[in-house]
Amino acid sequence: MYVAVKGGEAAILATHDLVAEARRGDEAVPEISVAQIREQQGLACARVMNEGSLYDADLAALALKQSQGDVIEAAFLMRAYRTTLPRFGSSEPVDTASMAIRRRVSATYKDLPGGQVLGATYDYTHRLFDFALMDNGSVMVGLDPTISGHEGASATGDARVEPEHDGSAQPATCPLDAHMPRVPDILGAEGLMEPEVAPEGDPRPFDLTREPVSFPADRDVRLQAMARGDEGFLLGLGYSVQRGFGGNHPFVGEIRVGEVSVEFVPEELGFAVDLGEITLTECQMVNQFAGSKDVAPQFTRGYGLSFGHSERKAMSMSLVDRALKCREFGEAAQYPAQQDEFVLYHSDNVEAAGFVEHLKLPHYVDFQGELELIRRIRAEREQRLANENLTLPEAAE
Amino acid sequence: MTTTLIGAGFTDPIFQSQSAFRALLAALSEPGTQQVVTGGIVPPEGLHAATATALLTLADYETPIWLPPALRDGPAGAWLRFHCGAALVSEPGQAAFAVMDSGSVEPALSAFNPGTDQFPDRSTTIIVQCAALEGGEAVTLTGPGIAGSRLVEPAGLRPGFWAEVAANNGAYPLGVDLLLSHGDAVLGLPRSTRIGEAI
Amino acid sequence: MTAEHTPRQRWMAILARASRAEIVELVGPHMPDHEVLKAPETGTVMVEGRAGGAGRRFNLGEATMTRCVVRLHDGAMGFSYALGRDARKARLAAILDARLQVEAPDGALHRDIDALSDRQNAARDLASRKAAATKVDFFTLVRGA
């Protein structure tokens, strides 16, 4: 509880000016444009779109610029803006099997129909700085010229990490297959994979932005919550599952990144309209399941789907999705990643940041109450001790 | 395409819908008072201006609308589909909003969705299009939003209508909320309002 | 878009993917007389996915979209729906949708749409071939250079 305070308007307005100044930084350095952020910080934009739960790369870039690159603040801006927009409806479920593939890898099958496509990935980079990306293109080892004031000319060439290519991607002669089967479906054809079918009647999904969540939460609720959940939180939970706090033994069945069409049926037209394409990342995590009285041993799956190129997010989501399915498989829910209430109530970073950060807002009245309480308790204690000191000698006599 | 006949909606959606919303809010918070709901629109055939404006303000693709079959299949249905993107349902119980004529014998108010104990707000709001909001049988309203009591006399209501409204109040906190409309005026009868004979 | 879509669905998809500059070019210098039935409005569409790709539907998150409805003076109604927030593009695309419905299927505008479609397909093909250059066989690793 906090109680409203008044005043401080002038100081607050002054902080607005100061934050604008801090955001701009040194004016000798050119200002970054929203288009530059969108094009050159695309993975950060993807994270903001996911956690802001709004696909719009321009807005994500603007949010990052406005928040000085604070991803959670940027997600908050996206969420706040979203509330001002009318919703026109829901899309048809996207068809990831007909994704225009930019990247597709499997850790379970070497030879996939359609092939493994590395695409643009940092997986096979050495995590060495590419100083060629720095403004002056050359930097001395162990001597930062921005600190020392020296120019790094003497060391040019020594410290530079040479790019392995000239940087321009050469296309292959043939495009990829237009339709690539999802890896779990290959296992499914053999009956080794838990089937994934829509429930009777293909019901409309629950929308946690419209209705309050109750527990135990169904899979559609869990997937929606995780899709908009904090990447770091889900990563930590996914990691905990791998380390033994969840009993999974996961393999990446498949990760695919690419563009899918979004189709929408406007009530006024009555037929599906293609709205254009969005970039998605999908992860199918394959896990073992010992089976039960009714079900033969088979593989089970966890599913992750996210906006933009965001593999870590999709992978973490798929790990936690599988852990949260413990109830469906009759497994004990003994670890955090298996408890839907814990995961869903704590994965939303805008909610979490709001509650944590509200602690810095004025709590003067509450605290005054606490202060008076503790003073009274202390006074009572002193009084009690004083009384005991007075009464003890008499008792001894 | 039937949509070629559709007339325009709000010319200034933000201000017109907010002004209509304010009037509807007043109608339901001060039951029995007449409020003018206008948005400068030309309503489709079969809908009073207040009815059409209220639906344009409140309904969207997430709020299924029930209309009498003749309206549903006519210009009114097409107009609502076009402007609100709302689905038109044939089951009264599925509707978030409904329009009915005051004199029609059905559906009964109890056929609409009264909400659930957990979510009483997920009930149907029914707009009853009346022959007039004055000159009919007078009844006395009491309850929240009414200082003492208030007399209303909407005209052209079907026999037994007030008994249905009283039964609806009896199910409180469940029940439907009613807006009686004629021309560009509405009169609110939320489920919390009690019905008595005119004194 | 797959083959089973109607010609109108096809051109609406092509227009939705086009840039504003491309749409402006298609409309040409003479803007047809038209009445705006639904002014360009930006809102969102909730994007749905399916668990496992084929299972239960769930809400992935929203995307911005803009729609517009116009009527030409000859009575033809044009609709546009596209991802993003471009109101100008929405209005012009709605005009094009109306014109495409009244124009003969072998008319100039339809040919322009085909040309635009070819350019979009070529861009898609190039992106796919760039990805194909990173196709890998983990026994005999082939770099894409």
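Think of it as A, B and C in the order they're written, each chain with its own count starting at 1.
Simple rule for what comes next: a contact is a pair of C-beta atoms (placed from the backbone, for glycine too) under 8 Å apart; a residue touches a chain by one contact, two chains touch by 3 or more.
Keep in mind it's a predicted model, so treat the numbers as computed, not measured.
Chains that count as touching both chain A and chain B, per the definition above, are C. Comparing chain pairs B-C and A-C, the larger number of C-beta contacts belongs to A-C. Inter-chain spacing, taken between the CA centroids of chain A and chain B, is 44 Å. Taking each chain's centre as the average of its CA atoms, chain B and chain C sit 39 Å apart. Remark: chain A and chain C have CA centroids separated by 29 Å (rounded to whole angstrom). Counting partner chains per residue, chain A shows two or more touched chains at residues 86-89, 266, 268. Annotation for chain C: residues 41, 69 touch two or more other chains. Shown for chain B are the residues in touch with two or more other chains, namely 3, 82.
Across the complex, chain C is touched by residues 49-50, 53-56, 58-59, 82, 85-94, 96-98, 100-103, 110-111, 115-120, 165, 169-176, 182, 184-185, 196-199, 202-209, 219-221, 223-224, 227-228, 258, 261-262, 264, 266, 268-269, 271-278, 282, 284, 301, 303, 305-307, 321 of chain A. Contact residues of chain A toward chain B in the complex are 86-89, 210, 266-268. Those residues of chain C lying in contact with chain B across their complex are 35, 37-39, 41, 69, 71, 75, 77.
By the touch rule above, chain C contacts chain A in their complex via residues 1-2, 5-6, 9, 12-13, 16-17, 41-65, 67, 69, 79, 81-85, 124-139, 144-145. Partner chain C is touched in their complex by these residues of chain B: 1, 3-4, 6, 8-9, 13, 82-83.
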